[in-house]
Structures are given as structure tokens and as C-alpha cells.
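Before anything else, here is the set of structures, which you'll find just below.
The same chain A turns up in both complexes below, where it pairs with chain B and then with chain C.
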Partner chain A sequence: MTHPIRSRPRSRAVRRRAGRAGQYLALLGYLVFLAFPLLWLVSTAFKPPRELASSHPQWIPDQPTWDNFRQALDEQPLLRAAGNSLLAAGSAALIAVLLAVPMAYALARRRSWLSRAATGWVVVSQAFPLVLLIIPLFLLLKHLRLIDAMPGLVMVYVVWSLPFALWLLTGYVRALPPELEEAAAVDGAGRLRTLVSVTVPLLAPGIAATALFAFITAWNEFFFALVLLKSPEKQTMPVVLTHFLGAEGVADLGPLAAASLLATLPSLLLFALLQRRISGGMLAGAVKH
Partner chain B sequence: MRRRTLLAATWAAPATALAGCATRRRRAADGSVTLRFQSLAWQQESIEVNKRLVREWNAAHPKVTVEYVQGSWDGVHDQLLTAFEGGEAPDVIHDASDDLADFAYGGSLADLTGLLPRALTQDIPEHSWRTTTFGDGVFGVPFLQEPRVIMADLDRLERARVRIPTAGEPWSWPEFEEVARRLTGEGRYGVAWPLKEPVSATLNLSLSTGGQTFHRGADGKVTVRFDAAEQRVPRVVHDQVNTDRSAARTTLGMGGSDTLPGFFDGRYAMVPLGFSYRQQIVQQAPRGFRWTVLPAPAGPGGDQRQGVSPQTLSIAEDSPYREEAAAFIAFLLRPRNMVRLALGDWMLPTGRQALAHPALHTERRGWATGTALARHLRSAPAQSVRGYPEWKDKIATPAFQEYYSGAIGEDSLRHKLVADGNLVLRRYQR
Partner chain C sequence: MLRPAGGSPPYSEKRPGHQTRHPAPDGPRPPRPAVERRAAGGKGGGRRWDPGAWFLVLPALLPILVLSVGPLLYGIALAFTDAQSGRTDPTEWIGLLNFRDLRQDTLFWESFRIGLVWAAGVTVPQFLLSLGLALLLNQNLRFRWLARTLAIVPWAMPEVVVGIMWRLVYHPDAGILNETLGTHRDWLGSLGSALPAVIVVGVWAGMPQTTVALLAGLQNVPRELHEAAAMDGAGAWRRFRTVTWPALRPVAVAMGALAFIWNLNSFALVYVLTNGGPGGRTRLPMLFAYEEAFRYGQFGYAAAMGCVLVAVVSVLLAVFLVGRLKGDRT
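The block that comes next holds the complex of A and B.
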């Protein structure tokens, strides 16, 4: 008679363990799925031409080589392009954050028809496709003498990433308890002081996420850079990468993979640096203490 | 392409008005000028040749300096469109003839009639000039082109004891089908058709069977037809994939490069590809792999015509230095230089004198076969058809893909290409 009673908790524990193992397996599968393109890129970057054209592709190259990297660096000014991309993306991220923080604060805390309309406009502005903007932007920048100039490109990137950055940060600001700011006000802090000393430190995860978003958007952007910059010495990484592509999609695959791998490193590095802050921010407020 | 149409339609008019305010570049006090030459050369050999030619020009012409600007095939149409509308286009523009129609009709490119030296205009054959002639004007100099050829596994052909065709005695389409059947078996295919972009390949090869696809009426309006002459080549591909299974089904969605591993591995005995793919084969083929270049099959009466869209050099309408730009183009395309450009890109020059160069007549790497085909190359059927990009993207590409995969039959394909297709073209010809 006692057996069934004893076995019930044991079977429940077994089921729980099996369920957990299943979850981990699913997670592992998902991670492999996500990482597959990057891992394949790494593998391709180290393969000699004959292995690239093998009909039995292998993960680990038989004869790994640095030749693709050497060729990519010899043929195209990748380091210069990376420097240009870093300048454009870094500046765009910095400016976007500097603008988005006070704007998001105002939108979140000043509840009026104007802030609602502004938030609506931010959302609507995301709906405009790139192709509708490029020629007016080009003409505008031309009148400002900002064609073929890095500040022009940075300006475009800021404008391009600002709506989403604003929308993202507004959510973070709304999640902060207003009592903290009220307490600061009671202690005599003005709006600016409250923003700088109270809100911004609490917003760090949101700022990190916004900066990362703005940086990666600008770092990967191709079309604006192609159209707005003419001088070879100003070209950014995505534009230079297309020099490994010919007509009708023919590609110099090995050097392209090597160059693309180098191009992903800064984004990965930045993500690794900011990842803790971002995940911290995402979890913030999830549990009430 | 949809983006391209939208971009053009939405902004061309207002942008042109604004672009009128463009500041025009001036000649320096000593009369010297700087030309911007945007090149789309992408392979190392080709980039080096282009840059070397620019250096040679600059050394010989101190008052007309050419600045080399590296462009990219990816996004070139949108990039040029924006540059034209903004009045910032390069003076000398490298592109392909099938990309020029919108720019030529839209007034962005200069008419080269009377600008080029007679030696150059006479050296390039009339049928090549037709690829860059839109309306009454000539809007580009066609200088490099490539026929579609068959890259073949020589060992398998020899083992199957089939007749090896030459440019003088090509296979007929039925003979090609027969050879493909003989080469098929034991999990291996006679042929692999890389038809990720099925339209241009189909239309260009259909010239050999008399298929024009686009027919211009007495009123100048173009209509699509898909009659017996147009149906012949698509039917070959369809039957090879779906009936006798001598062609691999999996390669229908592939680009040319994607089929090479299977080619090297012996899975496919023949792959129809552009002539310049020889470079990839040379770089990637395993040691000891014996391959050869065969001409595309011929139509009735040995007709070897096929459509091409040559690479071109044009001058921007807004360029203040058209004569200097034309002189630079003439220099770049001197027979000797045209040969250097052709060798760098593994393509054929259009000029008769360049084509006669011994370097292009060697049997090595199939040069002689390709060179012998040059006289059969004609302007691609779709070349000057307004609305072709939309017809191709919205109608023809999905229709051919469905037909080749066996999802629809010939009647349905015909209905889509003709009935639906003419509705699209009509909008552009009102």
C-alpha cells in the first residue's frame, strides 16, 4: 500500500528532471541555430579556395589558412574602413544617446497631448521606408555641403536611429519610480540636477541598450554610406565589403568571409562589454521586492 | 528592383527640380580639370589594370586628371540614381547596358554621338552598339561582354564517348539533350542549370531558336510573346529537370558559384555559366580536374546567337567636361588597353582589333572558344524595354521558377508571361 504513495514524488522528480533536460536541449538547439551563421563564417574565413568549393563542406578546415585574411587586408583598405565605421558609428551612438535621454525623460514625465502626439510621431516615423528618404536627404545634405563628409553621414545615422532610441528609452524612464525624483525635488534638486544625478544612473542599462542599438545600426549600414560618401578614403566597412562582390552575386568568398569576420568583431566586443548592463536592465523591475 | 522602381518614380521629378541648383564644377585658372571615373572593377587583376590605366592617362595628360573612384555592383543603380538627381554623379560611369535604359531615357546620361573618335566607333561592331542605343542616342560604350558557355567535365565527356562540340560545330539543342541523358546515372546528372535568376539566362539563350520574347510593333510599342520559338529553350530545361531527369532539380535555385562544388565532385558533368566563371574554376578546381569550355547549343540552322548585356562606359549628362571624358574613354578602350581590361575580368572585349589579339585565341582556359562566339553575341532581348525590370521581378522570375520546378505547365507559363506581362508593360508605354 505504501509503494504508490512513495513512488509519486519520485516520478514527479524524474519528470521534472526530464523536463529540465528537455529545456536545456531546446536552449542548446536554439543557441546553435543562432550561432550557426557566425560559426560558418569563421569556418569559411579559414578555408583555402579548394576547400571552399568542396561538395562535402567541413566545419573544421583540413588545411586552415590565414591567406584569406592576408588577401582581404592586401586588396582592400579594411583597417581604414573600420576606422571610418568606428568614427561614424561611435559618434552616432554618442549623439543619439545624448539627445534621446532628455527627450525620453520629457516624453515620459510630461504627460500632455503634446507628448502623446510626439510619441505617436516617433512611431509613425519608423514607417517611412529608406527609399523615400534618401534623395531628399541627399539634396538637403548637399545644400549644407555635407555630401562626402563624415559629419553628414553621422547626422543621418543619428536621425535614423533616434526614433527607436527614443521609444526604447521612454519605456525605461516610465519604468523608474517617480518617487525617487520627487524625493530629489524635496531635497532641492532642480529638473536638470534630478535628471543627471538620479535618473541617468538608474537609466544606465537603458542607455547601454540604446547606445548598442545605435552603434550596431550605424556600423552595419550600407546604403547611406554608399550614396553619401564618394571619396575612397572615407568609405565605411559595409561599402568596402561589397568590393569583394561582382556582378550577379559572384563573390570572392574566402576574403569576403575573412573581412566580414573582422567586421563583426567590434559589435561582438561592444556587446560583450555592455551585455551585463543590458541584461541587468531587462531584469530590472521584473520582480517586486 | 521594386525598390528601384519606387525610388525612381517617387523622387525623380521633384529631385530634378531641386538638383537644378547644383553647383557646377569649374575649370582651374590654368585650364586643368579633374574627372571622376567610377569603376565597378572588383577582381584584383581588374582593379589593378584599371588603376594602372588611370595612372598612364594622368602621366600623359597633366591638365586632365582622372580620379579613380571605386564603385560597387551591389546597389549601383540606386547609388547612381541618387547621384544623378543630386547633381553629384561621376563624369565617367562604368555600368552594364541593361542598367542604362532608365538613365538614358531619363536624361541623366550624355548622348555620345559625335563625341567619340571614329577609330573607336568603327572598331566596335554595330550589334554591340545596339546594346547602348536608346531612342536616337548612344548612351554608353559597350566594351566587355561574356557569352554563356558550358563548363564541362572533360573526363566524363570522354568516358561517355560523346562528340565534343567546338565553336564551329556546336551541339544542336536535341544533341545537347541526348548528351545530357547519356551522362546521367548512378546519382550523377548530365547537367546542372543554376537558375536563381532564370529570366536573363532563358531569354538570352532563346535567341538561338529565334525567340525574341519582346516584339516592337509599328507604333513602337513593345509586347511580350511566348510562341514556339520562345518556348524551345525553356522546354529543354523543363524536360531535363522533370521528364528525363538529366538535370539536377536542386540547382534551379542556385547561383553559378553554388554549382561548382558539385561540378568538381563529378555530380554534374556540365554547367551552363557565364564565360568569366573560368576564373573561379581555375582558382577552386581540385588538382587534376580536367575541364573544358564548350559553346552553348545552337538553334535551327546552327544559329548560335545569344543575348548579352555588355559592361559599358558612359558620361553623365551633367558633366561639364564631356569632351575630356570622351577622350579618356577613348584612351581606356584603345585596342591594347581593351585587351588588358578583358584579360583582367576574364571576359571578351567588344572591339574587333582587341578580339584579334593572340592572348584571346589560346586554347588554354577556353579563351579561343569564347572568342569564336563573340560574333554571335547580340543585344539582350530585354535591353531597351521600359518596364522590363518590373516584368522580370513580378511576373517572369516566379513564372519561370514555377515552370522549371514542374509546378505549372507551359500553358500557364505562357499566360503569366504574356497576359499578365503585357499588362505591366502597357503601364510604361502609355
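The block that comes next holds the complex of A and C.
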């Protein structure tokens, strides 16, 4: 290969091809690392008890079965928990977006001590050790008789997702060209009208992403639900799932895996539905013109 | 979710031509000059903070103040009291007693040390792996969609499920890891391997956030510059260092700092994986404080632990905020 006189473009082409191969190898490594626990979860969920007890577990079950799912739904009040989670996450996402859009707009378009303070707070709030937040919230909600009650949990979720929602949305607003709003203002539209009819439609992907974020955060949230909800019939999905673990370790692997899969499905589906819109080129199009 | 275009504009009549507004009579803000990034923005009062803006801000600001700023301050105050759960005597100020006790609490400091090892052990590999993945995903590779989808999946999963899933992977008998490696190890149950095993899970679980943020940051990298550098014969590493990294750095620094803080405060993953065991080897500070507060009811003492965490995190934040504000100005 190494001729004393080699044509430069050729060697570059070779190098580039080697680079490509390396890239695919790296990609394969990532795929394996990312996928194998997921595949194992799926595999376990479909295994009959006999195969689960085998000392040489296999990737593909010999006799796949739905029994684990049936058992999971029987054993624990999984559906009720799913309903609770849906209620908590749905209301939290809706309220958080409604509150966050106007503020994000104001923060992005106007600069004052408040926007600087808000930026600081967004960051600081991400840094809370939750213990420091949960103890006072626990006392406060107890005072309001909202311990072990859904509204209390929703309140906490809203406030908890607001900082990140604001951060996201502020970024999205900044990415919008102010010229459009200025044009609307020149045409005599007021601020709220500009916000509602110019900014919000352009912001739709950002709003969708933010709502999605808030929903999934709340759907997946464990710590607050663990502390704030006591009675079993009010508990959310993640808390109910930990009951499968039992006191001394994993008792029933099959139903555990099945229930975990069921708990993941809703947020996965939402992600899949909205993924294209998040990365969509709508923003780019609006900015360029 | 989107309101129709004709939505009510309550004060659009009030401000027919706001370009003519001038800063001086414009509401209660002290006349701090609005720092404007865009040089061309001197067109009028459109960017000034005025009373109308409060209507936009208050709906979100009030809950934040009541349920987030307030409780945080209250929480810090609790650290100086002997607050306990279910106690009938009134809570009393006890000054620094909690902190004095905490200083001699070797269990807590061990837990704190584990927390730092965990946070660094997760954040650094996670960042490097995510950076690599983001760079790959930014290329025009086949199967990119698959990697892109898979890279986001952990984000959509409840932490509890991630924990359960990895318990199945690490399971001494039925787990795939022992089967693949031909070992018979109790990964999560033995003193030596528990923390590394948990850290691997932390890396896996946190990759999406970092990858997505970095991938978004890569969109800021000027493509023309990249191409020009390639024309000039700059190698991949050189192009990364001189073109990609400078454009990516703000996102990278922000994401790294946030990831570290998130990891330091993480709870659910390890609660499910090991519940702090074996022998406290994975007892992160959050697990420690949770038990102190809600198993033993020592609210004041647990709050003091939270304060120590805050102190550590604030140092990090100071660094991060300074960087960010600087970035905002220029």
C-alpha cells in the first residue's frame, strides 16, 4: 500500500473509508450497549416460569407466553395505578405548559433583573437536593390536608417541571425571529395577541416537546409519589411496581418484567409520536425567512 | 392546545403603537438599561420590562415562589431546628447542633463520599459516550434512525423500570450478564461490584438527555466552516477541536454541570437496584437523608444533610452560572 509516490486523493479516500468502517463499528457498539438490557426485559417478560428458573437463561424463550402479563394485571392493581399516573401526569403537563408559555415569552423577549433572576432560579432549582424540598412540602401539604391526595401531587409536579419547561421554552422563543412579532406589533396587534397568534403557532413544536417532557417526567416520577401518597389505591405506577420487588429481592421475575413493560409503553408511545415534531424543521424554516 | 388565532387580546387596544413608548414613564422597573444582544434592537420600547409583562410572568411565578422558593428557604431553616415527624412539642431552634452532630456522623460522610464517586463516575463516562454518540448521529450513517430511537428510549422509561430491568440483567441466576460472561457473580449484592454495577446503570439511564442536548448543540456548528477546514486538509480530530468544540462548548458545559448535579441528587434508580446495600456501599446521600427523614422522622437532621449537599452543589453552580451569564452577554 505504501508506495513512495502515492496519489494524495487516493490515500485520503482509503482513510475516509477506514473512518467510515470505524464509525459503523462504534455505532454497533452503541446499539448493543443501548439495546441489550431492553431486549432482556422483553425476553424475560415472555418466559414461562420453567425457563426463568433455568440456570442457563436464553435470549429467545422456547415457549413464549402471555401468562406473565395476565399475572401482573391480576396480582397488583396495575390498571388503577396506571389511571392514577395518567391523571397526575396529564394534569401536570397541561398546567405546566399553560403557566410556562407566557413567562418564557416574557423572559426571552425582555431583559431585566427578573429574567436574570429567573434564569438563575431555573438552574438553582435543578440543583435542589429533593430532600430539602420534600420535607417542607410534606409539612405544607399536610397542613393543607393534601397529603395522600392527587391534587397535592399534581401541584408538586407542576412546580417541579416548571423550571425545565421554562428553560426549554425560553430557548425556543429566542430561536424565533423577533421580526415576526415586530411586524405584528406594527400592524397594531397587542402583546397578548402577538403571543397567541404569532408566537404560539410558531412555537408549537417547542410546546409539544415541553408538554411531552412534563408528562413523561411526571409519569415516571417516583420520589414524590413515594413520600406523598400513602394509601395503596392512590399510588402511581412506579410506586406500585416497586411492590413487585418484595421485601427480600425479586420474587417473581416474569410478572415483574411484564408489568415494567406495561408501565413503559405509554411514555414510549408518546415519545415515538412526537419525536419527529421535536426534531422537525419548522423552526429552521421560520428563521430562514 | 393551540388557541385559535382570534384569541382575546385584552390589552391590545391599550397599546396601539408601542414603538412610540419611551422608557422613562414605563412602569415601576428601575431604569436599568435593557441589555440588548441584537445590535439592531434599538427600534423602540418593545423589549422593555413594563407592567404588562407581569401578567405574562405571574401565573408561573406565583407557584414557583409558593411551592419552590418558599419551601427551599423553609427547608434550610428546618436544618437549624429539632423538627421531627409526629411530634407534639413545638419545634425549637437549636442553632448549629444538627451540623455539629453531622460532622461526627461517619456514616453520613461515607455516604457523601459514595455520592461524589457515583456522580463523577456516572457523569464523566456518560458525557464522553454521549458526545461520541451525538457525533455519530450527526453523520450520515445507515441505521442512524435505529441508534437515534434507541438512544432516546431510556429517557422515556421510568427510572423504576430501568432499575428493575437492570436487576434482571444482573440477576445472579436468571441474569443475562452472568450467562454471557460465564460467571456466577452477585453483581449488585457483593461489596466490591455493587457500586460499579450501579454506575453502569446510571450511565445507561442518563445518556439520552446528554446526547440529545449535544446533538442539538451540534446543529449550531457552522457547516461551511467544517467543510472549509476539511478542504484545508484538517483531520477529524483537528476539525473537532477547532470547529466543533468551540460551537458546542456552551451546551456541553451546561449539560455536564447539570448532569453532575442530577446524578448527585438521584434517588429512584439506586433505591430500586440495591436500596443502598450491600452494607451501605451504594447508599447515596439522598437515600441516607430519605431514611433519616421518613423512616426515623428526623426532619431537622435530614434537612441539615440537604444543606450540606446544597453547599457542594452551589460551588458547582457558581462556576456554571458565571459561565452562562458571560455567554449571555457576548
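One rule holds in what follows: the second predicted complex is superposed on the first by the 244 of 289 C-alpha atoms of A that agree within 3 Å, B and C clash if a C-alpha of one lies under 4 Å from a C-alpha of the other, contacts with A are read in each partner's own complex, and residues count from 1 in each chain.
Keep in mind that, in the parts below, contacts are C-beta pairs under 8 Å (C-beta built on N, C-alpha and C of every residue); 3 or more make two chains touch, one makes a residue touch a chain.
Because the structure is a prediction, the values reported are computed rather than measured.
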Practice task
Determine, for the superposed arrangement built on chain A, whether chain B and chain C clash or fit.
Solution key: clash
Practice task
With the two complexes superposed on chain A, say which partner A:232 touches: chain B (first), chain C (second), both, or neither.
Solution key: first
Exercise for the section: State whether A:52 touches chain B only (first), chain C only (second), both chains, or neither. Expected result: both
Exercise for the section: Kindly classify A:147 by the partners it touches after superposition: chain B alone (first), chain C alone (second), both, or neither? Expected result: first
Problem - Partner chain in contact with A:126 - chain B first, chain C second, else both or neither - result: second
Exercise for the section: Have a look at where A:192 lands relative to chain B and chain C in the superposition and call it first, second, both or neither. Expected result: second
Practice task
Would you sort A:105 into first (chain B), second (chain C), both or neither based on which partner it touches?
Solution key: second
Practice task
Specify the partner with more touching residues on chain A, choosing between chain B and chain C.
Solution key: C
Practice task
Using the touch definition from the top, say if A:223 reaches chain B (first), chain C (second), both or neither.
Solution key: both
Exercise for the section: Considering only the stretches 279-287, 369-377 or 387-395 of chain B, report the one that runs into chain C. Expected result: 387-395
Practice task
Return the residues of chain A at which the contacts from chain B and from chain C coincide.
Solution key: 52-57, 129, 131-132, 134-136, 139, 222-223, 227, 239, 242, 244-245, 250, 253
Practice task
Give every residue of chain A touching chain C within the complex, in rising order.
Solution key: 19, 23-24, 26-27, 30-31, 33-38, 40-41, 44, 52-57, 59, 97-100, 102-103, 105-107, 109-116, 119-121, 123-137, 139-140, 155-156, 158-160, 162-163, 166, 178, 181-182, 185-186, 188-193, 195-197, 200-201, 204, 207-208, 211, 216, 219-220, 222-223, 227, 237-239, 241-242, 244-245, 250, 253, 256-257, 260, 263-264, 267-268, 270-272, 275
Practice task
Provide the residue numbers of chain C that touch chain A in the complex, in ascending order.
Solution key: 1-3, 5-19, 29, 32, 34-36, 38, 41, 43, 46-49, 52-53, 55-57, 59-61, 63-64, 67-72, 74-76, 78, 83, 129, 132-133, 136, 139, 141-144, 146-147, 149-161, 164-169, 171, 173-176, 179, 204, 207, 236, 258, 261-262, 264-265, 267-268, 271-272, 285-286, 289-290, 293-294, 299, 302-303, 305-307, 309-310, 313-314, 316-317, 320-321, 324-325, 328
Fill in the blank from the handout: Per the touch rule above, chain A residues touching chain B in the complex are 49-50, 52-57, 75, 129, 131-132, 134-136, 138-139, 142-143, 147, 222-223, 226-227, 230-232, 235, 239, 242-253
Completion exercise
The chain B residues in contact with chain A across the complex are 3, 6-7, 10-11, 15, 18-19, 21-22, 36, 40, 42-44, 47, 68-70, 72-75, 78-79, 81-83, 85-88, 96, 196-197, 255-257, 260-262, 264-265, 267, 274, 276-277, 280, 283-287
